[in-house]
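Two complexes are shown next, each including subunit A; its partner changes from subunit B in the first to subunit C in the second.
Now for the complex of A and B:
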């Protein structure tokens, strides 16, 4: 059994740590690039959203490197991503690949027994005892949390950094270095070092950068290739960006759903505009937009793939929030046809708008 | 003393010279034809004969080709066209509230309140209803694009054309022609369809408050102005230099940048004689495989574009170009 998985931001580091810890063979598909998008678009239905296409690209590139088992998370949710595993199984079978799928659904949907069975299947090739298996899982979660923290700090401090580009450099270096370690303990040690490094990057506390909240469909906000490296661009512009949706947020949120104490702040903030869960992360998007205002950010950017139903709903609510709270919000739609020039123009113009707006408000007060 | 604004768009490359009081002294409108470097050099050749490089106090670029043109001419400011257009419009009239801008391949709406941009939108997934489409239809009907608007005004009724998709609009137009409608009715129908598409698509959720400015190349089309006025129910203003607004804005932004910094980076008009070459390659540094474009002036690399990590981008500034 050789495991592979679709990319989503830095999640590959956590899965690497998990598989290394368990001693299972795995293949990390090449980081999303033009080729994976091309392969994915070729085999996917035209109208399906960008995440589906990129995932198919990842699978096929990994299969070429010898992978035979795919693990993904499902959600049985009202968003179609919850059904992707089924569609992708059929699609890959039609293409003639003989594969095993291990879908990790939440226990509320498939029952705890079924989930346990699937996890056993995943770990059956590992000869470790149960204690070590738990340790591997624990370490993987630790890696995921660490890299998410490092990334969040880099995005935040980019607005304050004294030497331009230092945050981006540390983040990029961290990601490259992390791949070099085959022992989870060592990887964690290295990530902790980088966490120290990024938290002590030389910053100018007197700077007052533009702060932007980033929200929207979970895959496209987390996977940088799909949003044309929006966060990297904001770092280049010296803008501090904040994103709530991360893999660690998702895990924590999913774990707390049965107890109904997940994302209480988001639920409260979205109450006036979208009190119900309509699928995907629409309610989260609305809640985060309101929270962005409460945190005092200058503006918010929503990103979603073309055809994403839940986000289309939130997109039509956002102008009302923008008007009520007097905070600019921009929506960006991405798909494989997205031209980079128009995308950059919009981001630049939005940052310009926020800057000029702030100057103007300051002048008048 | 003049300020130079360069707007390299998809269809046209505009150059303007404005003086201290923002009077437009010189305007040059050239077709980009997919070769922005040639277009800029051509424009500079014209300017070189009339003005001295020392007379230029600041240079700004905008438009989709703003990065490449900035490297080429040594611009003081590089700004996106949305900011440039709004700054130019506000310079002319400070009570403008909405800007409708339709260019070669994109259309935008910019809303302004108290002299600052509060919101904007740009066409995302479709370019139906922009200048290129009108250009093509004019060509197909064998009517000079300059006269397109007059035809639309001649029509007494409007034929309903499906305007969501440029290709389907074209088939619908052909169908209507074959049914026997005359050209002017069809052209008016086309203008109405484009306006309808613009209002339903780009302006969704945006408020259009007068005073409205209509700028960009398509504003030359009187039929479009009329169609907008019919749909909105109030007058739409077309500024005198409607097709140069981006370049004027770029010049104004450069002016304020240089005021802050003190000196210009302008390389002079002589670059019109330089030989620029561009070649692209796939960077093999990582699995991102960025397409990198290298621009050289007389075989000296002056700029790299397209890489994500900055490995190439920063080369020129670090003085490492010889290692490339």
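Now for the complex of A and C:
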């Protein structure tokens, strides 16, 4: 059994740590690129959303490298993500691949026994005892939290850095270095080093950069290829960006759902605009837009794939929030055809707008 | 007091309930006119671009009666069956309307969980309180409207045609003759009978759905999938026509699942949006009718030479 998984931001580092810890064979699909998108959109249904297409690209590229089992998380919200597993199974079968799927659904829908059975199937090839298995899981969570923290710091300090590009360099180095380690402990040690490094990058505290909150559909927000490396671009512009949706946020949120104490701040902030959970992360998007204002950011950017049902609802609410709170909010819709030049123009124009609102056009020079 | 009920989305399925309920409470009912060009244009003007056609048309209906009523009913239908939804846009419908259309009257937009009568009654209590404080009146109105709703049967089941198609899709696309450009009449004129999902037994539909790895969590996806796949096995049905609005997230999944299952059975997918030209639609329907006719004649034409 050689497992593979779809990409979503830096989640591959955590899964690498998990599989290394458990001693399971795995294939990391090539980082999302034009080819994987091309393969994905060739085989996927036309009207499905962008994450599906990228995932299919990932799978096929991983299968070419020898993978035969796919892990994917499911959901039973009204959003399309929950149906991905069903469609992907049938699609890959039709293409002639013989694969095993391990779908990690929420226990409320498939029952705790079924979930346990699926997890056992995943770990059955590992000869470690139960203690080591839990240790591998904790290490994986640790890796995920560390890389998310490093990324968040890099995005934040990019606005303050003294040497232009230093934050981006550290972040990129960290990602390439992390892949070199085959032992989770060593990887964690290295990530901790990088965390120190990024937190001590030389910054100019007197700078007052533009602050932008980033929100929207979780996959397109987290996966940099799908949003055409928006956050990297903002780092280049010297803009500090903040994003709440991360894999570690998702894990924490999912774990707290049964107790109903998940993301209380978002629930409070979204109360006036969208009091119910309508599926996907529409409510989180609305809550974060309000929180961005409360944190004092200059503006907010919403990103979602074309046709995303929950985000269409939140997009129709955002103009009201923008008007009520007097904060510019821009919505960016991405699909497999998004041209980069048009995208950059819009982001630049938005940043210009935020600068002018401060009556200071020379802010970034 | 005047209550406005827009004639969009699931109005055709559930209007007996809402109309009886509010008129029993003593309110005057104002409904919008059937969908027409003006309503579509209004809807496109107000609604955000990314939404699908039925949502845009609902915006149009709302804006056409917003000045004529005191309270507007915007049904936020969360669930019709347990653990099933309709669509995220239904769950957020009131927010979409209230944030897109200005000068709206006050609205009844409490979430409707119609998975059981008890839960629906909770909605009725909340909504009824806006009109009368008399709880007994609400109770009797609720019971009466439930009865009326249960007697309300929709669906098309033509019997005197040789060739029949299964017409599937969301109910608001099938029963709104403006959206689908009178497709039922057009098919009948071509000598093709139409059968809709209401006349297929729930058990047959569910037995098809059970073969899936995961039960779809959308009511209409489950219905349409079960109906289409079972009618592909039904010898009296010759083809399937699926009416889907452009950018419908649910249909993008359902249609694919159906296609994987039915293989070579004749299947026509009609995509509709606010710009659909009628001529193009006619051509496609006629071509599909020709195809069905030839298949039908071919199947019944057994060679005498063996």
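Following the convention adopted for this analysis, the second predicted complex is superposed on the first by the 359 of 365 C-alpha atoms of A that agree within 3 Å, B and C clash if a C-alpha of one lies under 4 Å from a C-alpha of the other, contacts with A are read in each partner's own complex, and residues count from 1 in each chain.
Please note the rule applied: a contact is a pair of C-beta atoms (placed from the backbone, for glycine too) under 8 Å apart; a residue touches a chain by one contact, two chains touch by 3 or more.
No experiment lies behind these values; they were computed from the predicted model shown.
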item	value
Clash-or-fit label for the pair subunit B, subunit C on subunit A	fit
Subunit B versus subunit C as contact partner of A:346, first or second or both or neither	first
Which superposed partner A:333 touches (first subunit B, second subunit C, both, neither)	both
Subunit A as apex of subunit B and subunit C, Cα-centre angle in degrees (nearest 10)	80
Which superposed partner A:49 touches (first subunit B, second subunit C, both, neither)	second
Broader residue contact with subunit A after superposition on the shared chain, subunit B or subunit C	C
Contacts of A:9 with subunit B and subunit C, given as first, second, both or neither	neither
Touching partner for A:319 - first (subunit B), second (subunit C), both, neither	both
Contacts of A:287 with subunit B and subunit C, given as first, second, both or neither	neither
Shortest CA-CA distance between subunit B and subunit C [superposed frame, angstrom]	5
Intersection of subunit A interface sets (partners subunit B, subunit C)	306, 316, 319, 333
Subunit C residues touching subunit A - in the complex, by the definition given at the top	47-48, 50-51, 76, 78, 83, 85-89, 91-92, 95-96, 99-100, 111, 212-214, 216-218, 221, 247-253, 255-257, 260
Residue ranges of subunit B in contact with subunit A within the complex	64, 79-83, 106, 114-120, 122, 124-125, 205-206, 286-289, 308-310
Residue ranges of subunit A touching subunit C (in the complex, touch as defined)	45, 47-49, 74, 76-80, 82-83, 85-87, 89-91, 94, 103, 105, 109, 273-274, 276, 278-280, 282, 306-310, 312-317, 319-320, 333
Subunit A to subunit B touching residues, read off their complex	30-31, 33-35, 165, 168, 172, 229, 232, 306, 316, 319, 322, 328, 333, 335, 337, 341-342, 344-346, 348-350, 352-353, 356-357, 360
